[in-house]
Amino acid sequence: MSPASDEARPPARNLDRERLTAHLDTMWRIRAFEEAALRGLSEGLVRGAIHPSIGQEAVAAAVCLNLARSDLILSTHRGHGHTLAKGADARAMMRELLGRAGGTCGGKGGSMHIADFSVGMLGANGVVGANIPIAVGAAHAVALRGGPEIVACFFGDGAINRGPFLEGLNWAKIFRLPVLFVCEDNAWSATTRTADLTAGEGAAARARSLGIPAQILDGNDAIGLDAAARDAIAAVRAGEGPRLLHVRTYRMTGHTAADAAGYRDAAEVEAWRARDPIARLAAALAEAGVDPARLEASRTEAAAEMADVLDDARAAPWPDLAAAFADVQDVGDPAERAY
Amino acid sequence: MSPASDEARPPARNLDRERLTAHLDTMWRIRAFEEAALRGLSEGLVRGAIHPSIGQEAVAAAVCLNLARSDLILSTHRGHGHTLAKGADARAMMRELLGRAGGTCGGKGGSMHIADFSVGMLGANGVVGANIPIAVGAAHAVALRGGPEIVACFFGDGAINRGPFLEGLNWAKIFRLPVLFVCEDNAWSATTRTADLTAGEGAAARARSLGIPAQILDGNDAIGLDAAARDAIAAVRAGEGPRLLHVRTYRMTGHTAADAAGYRDAAEVEAWRARDPIARLAAALAEAGVDPARLEASRTEAAAEMADVLDDARAAPWPDLAAAFADVQDVGDPAERAY
Amino acid sequence: MATTTYLAASTRALAEEMERDPSVWALGEDLGRGGVFGQYKGLQARFGAARIADTPISEACIMGAAVGAAMAGTRPVVEMRFSDFALCATDELVNQAAKARFMFGGQATVPLVARQPIGMWRSSAAQHSQSLEAWYAHVPGLVVVAPATPADNLGLLKSAIRADDPVVYLEHKDLWAAEGDVPDGEHLVPLGVADVARAGRDVTIVTWSAMRRTSLAATETLAGEGVEAEVIDLRTLWPWDRDAVLASVERTGRLLVVHEAVTVAGFGAEIAAFVAEHLHHRLRAPVRRLGAPRIPIAYAPPLENAARVTPDAIAAAARAMLAPAAARAS
Amino acid sequence: MATTTYLAASTRALAEEMERDPSVWALGEDLGRGGVFGQYKGLQARFGAARIADTPISEACIMGAAVGAAMAGTRPVVEMRFSDFALCATDELVNQAAKARFMFGGQATVPLVARQPIGMWRSSAAQHSQSLEAWYAHVPGLVVVAPATPADNLGLLKSAIRADDPVVYLEHKDLWAAEGDVPDGEHLVPLGVADVARAGRDVTIVTWSAMRRTSLAATETLAGEGVEAEVIDLRTLWPWDRDAVLASVERTGRLLVVHEAVTVAGFGAEIAAFVAEHLHHRLRAPVRRLGAPRIPIAYAPPLENAARVTPDAIAAAARAMLAPAAARAS
């Protein structure tokens, strides 16, 4: 995978250093969170599957940091980064991954269903592509009540071959809904190369065929992504209807933490490692004059925070058994009367 | 609805008169069949819904008459024309619409599930768009055994907003399957104008975004359609992968026979009536020197045939009650042992 | 009191709830023209195209969008046109709508109503005639409602719209034209409460939807023979009114469940099994189910009829349960 | 005889059938890498990418294409990865595959196998843990199979591939690693025939899939208390082996159905209702079902366990049925 031909040009060097240092902080926090989660997994503390987004952090940061807290996002099975960047509490997130009391979902969802409605994060999803119609519906609700919010919907390159991708994009366009679609194109659908499964040029081309403006971007260029996300979000918020960002990136791990990903070319992996979005942003900030100590602190503080977060989760109690019967439904609640 | 800007140009006047007279015969037979069916409906003989294709006959004729008998087609709820043009026996078809013994499906399917596997007609479908993956799968089977057949799949303009349209086209392209997709764009989805529900330019644009060559055609120009269908079918048969014909036409009746279609503009209906595909083809053939008596016979013979066909069906017995329990399944057959 | 149809009752229910609560809206195909059966007639003119929304033929997105819209604070009423087409939206209904509240630990509710017209009508064949209520009753998170009368369609649809749960709302196509009295003022029917459509002492017939009418027809015949059948119309299938059924069967000692759906693994199995578990020793005859054979529904009227439960079949089944032999042999 | 795993048995079954019949092929996501659980390992190298086809993430098209390919003369084996994802293909399976043969008056058969791994595994939460066999048993046209042992996974998958009907083939995720003996030569297990996993005189436990193992574990405890439970592993749910079950319950007088799925409207309801209908007077205790409560499956292990049927619960239920009181009170 070489960078896309029509990726955004490198940005000018007059960086907004404060703003981008915040992006760097977020990216480090995402990476540190996932590295801690992987430690938790290897210790047997995380019992379900996790899908790390290591290598893809720039996308989550660029999109979510350009959103308002009241804006909404819908995420995927690979959703830790989006959730954290949108402002969810890392402690509650890690507890969720460990299935503990105090998890964002009370331990009932785990990694694949992580959600924090208090920051507008309406859920990861275990079904590829299913979050697209849900995002569109959330935007429909916003439009009905004339709210200022927008909805960002993340999905992978594999998801664009599912029907809901078409149905959701078509819907967003005809109802002119405030949705930013973000295709995180990491070139792989689980263990299969997405290109082999995908007709045509992919997400951007399909969006354009529906009259939805779309851009192809370098997903490992945090600075370019930030600018593109800011512009796209502004356009969506201005009522111009949906937009799509087709972002080319790469996951440095296997599909799940358990996947050694031996099916990938070592050279491909190495080429992408050289384009690590965090290292690139850190280098750009250093070049722009940000204090190296600040940049180093960004990394170390994130690592320290997430080590704490894992410790907290490890020490947290299991959820109360009653939770298994709670929040099923009001009418015909199973907790009300045993069957 | 004015004709599409990039519709095929009118064909040269050096017509293959014999070939096109056969097309005319087929179109008249379709129309006469459906008019007889409508009489059957008004007499209470046809008990289920029927969706006439009056006004759209040129599409069925052009595509099906360019197929070999061993080629396969998949149709829609509006499938009488395709079925007849592919070579099904009109008598068996009318019996099917009346739910009688000797119907193509033994009276078990009716209009919406009409099928005649002996001529490669693998079924109409009651679920909009569901025939697309089935068509693709039939083509997949052909490809697996290296057969020379191709598969034509008809669907309406409304169907392109269903997920299976995307999934099926993507599939056909990546597996390079011998499928001709035919979108019969009659501008309406039941009682709603399809344009209001459809983002972008429609079927052809979506196909192109998947790398599938697509043409927009005047669906009421039998001569142009014949040429386009012939070429497209040749390309598909040559192993070039799927193609799509986006055919603009119009249904002169309501959505079902029971629908008065008062929601349509009288001017729109009249504009299309003036473009009646049968009248246009007949006029072109007359101009090209075909004997007017031959042209008149085309109409009258079709009418006579279908009057007979309706009489035959009217007189046909109901299916044997045992048929209700037959052909459900082999293993756990309900006929085997009452539950 | 006024006489109205099952169809008009549903229109009124939706209109009243839309009037009462601005967060209620409806989405589906052809709603602007009144919907495929006319149940939305006049509503777009009254409430506008934003709240009576015409959608593309995209069942998955209709249901999925409703899930998102419900989580984001509105109360969508989803129209699936035919329950058969809801099978294009099963992931959205079963994996998303039903589970979101639980998976997210109670952070969201999904107050949507999924209207799915069910049942045999006339020569509609295998893809336009199904009744799959048993499926939805099996899915945690879903409420399942199947009204049989105009008054219930009014009162239950209103309650369904007010519920904070996803409700699968199954109207029967053959009942649209059915007439009945409905109260003039606000009329709410609580979810989960059965209606005793006819009182009787000899056998309890538990049924719902169009089979209420068929069962009542059978009781006329039976009454002529001196058999007094009680007919319980469940109205809500989840939660079903176990107390009402147990109380009745405790009196009559006989349970006959009647439904239009396929008998095998139909919801009648749940009721029969539950009663057999709980009232075994009170039964004066074995529990009994009447439903369709396990066959797709055919187009030709005589074949279609092979899948129909008739008043005669119901009367015969009840009669057999009352025969002295029933209490002995099995 | 050789010891093998449930997983390897399925690989062998498919390989043998592909060897035997060139019209057999498999399609699904990631099959080239062996499939998500490794059940296709080595098959693409052996049979080529055309016959072990890697598909896009397009469950609707995977199933729909299989319908077309089956009608056009091949025998596709569909891999749905998790049964939950098959809900993205419900129209294709239920409205198309199941009904095509009937609707078209017998012109076509649809010989496809839809493999749908079911069940709870470990912290897989609500969208990766479901068991919906009851749904498919309710659908005319479908055969439903749920093997519990390596030998049965070998012999039933082969039979399913040879059947001319669409077969919903439910492997249990928690059984992949289970070991057992399988015959060396050709081994076919007929569809629709139950297996008596353990003989006993006191109570009949009817079960399938992973609950065979759990039920057998319970019988050890019970045997220690002098209770001899018979365990019938149905193996095929449609058609289920009614003769075997009736014969056993006629002897024991007690029926306990055990399944992992939600009890309400689960397939256990069908079995319990059927037995109550047919053997009411032979029962020495009321029929009884054990399944999951009507809750989505949670992620956290202790909450996930709340949905699990355990050997203890089975033993307790059996014990209660044998208590003298069971024969009286209800």
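Letters are used for the chains, namely A, B, C and D, taken in the order the chains are written, and counting of residues starts over at 1 for each.
Convention: a residue touches a chain if its C-beta (ideal position, glycine included) is under 8 Å from a C-beta of that chain, and two chains touch if they have at least 3 such contacts.
This one's a predicted model, so the numbers in the text were calculated from it and none came from an experiment.
Q: If you take the mean of the Cα atoms for each chain, which one ends up farthest from subunit D?
A: Of all chains, B has its centre farthest from that of subunit D.
Q: Name whichever of B-C and A-C has more C-beta pairs touching across its two chains.
A: A-C
Q: From the C-alpha centre of subunit A to that of subunit B, how far is it in Å?
A: 45
Q: For subunit B and subunit D, let me know how many angstrom lie between their CA-based centres, rounded off.
A: 41
Q: Please work out the Cα centroid separation of subunit B and subunit C, and write it as a whole number of Å.
A: Comparing mean C-alpha positions, subunit C is 36 Å from subunit B.
Q: Out of subunit A, which residues touch more than one other chain, so two or more?
A: 103, 105, 107-109, 113, 125-127, 161-164, 167, 170, 174, 196-198, 323, 328, 332, 334
Q: What parts of subunit C, by residue number, touch at least two of the other chains?
A: 55-56, 58, 60, 84-85, 88, 91, 95, 102-103, 125-127, 140-141, 238, 264, 294-296, 298
Q: Please name which positions on subunit C make contact with subunit D in the complex.
A: 84-85, 87-88, 90-91, 94-95, 98-99, 102-103, 125-127, 132, 134-135, 137-141, 238, 261-262, 264-270, 272-274, 276-283, 285-289, 294-296, 298, 328-330
Q: Show me the residue ranges of subunit C that touch subunit A in the complex, using the header's touch definition.
A: By the definition above, subunit C touches subunit A via 23, 25, 50-51, 53, 55-56, 58, 60-61, 63-74, 76, 91-92, 95-96, 100-108, 140-143, 163-167, 191-192, 238-239.
Q: In the complex of these two chains, what residues of subunit D are touching subunit A?
A: 29-30, 32-33, 36, 54-60, 84-85, 88, 122-128, 263-264, 293-296, 298-303, 306-307
Q: Going by the contact rule set out above, which residues of subunit A touch subunit B in the complex?
A: By the definition above, subunit A touches subunit B via 161-167, 169-170, 173-174, 196-201, 205-206, 208-212.
Q: What part of subunit B is in contact with subunit C in the complex they form?
A: Residue positions touching the partner: 47-49, 96, 99-100, 103, 105, 107-110, 112-113, 125-129, 158-159, 161-163, 189-192, 196-198, 263, 318-319, 321, 323-325, 328, 332, 334, 338-339.
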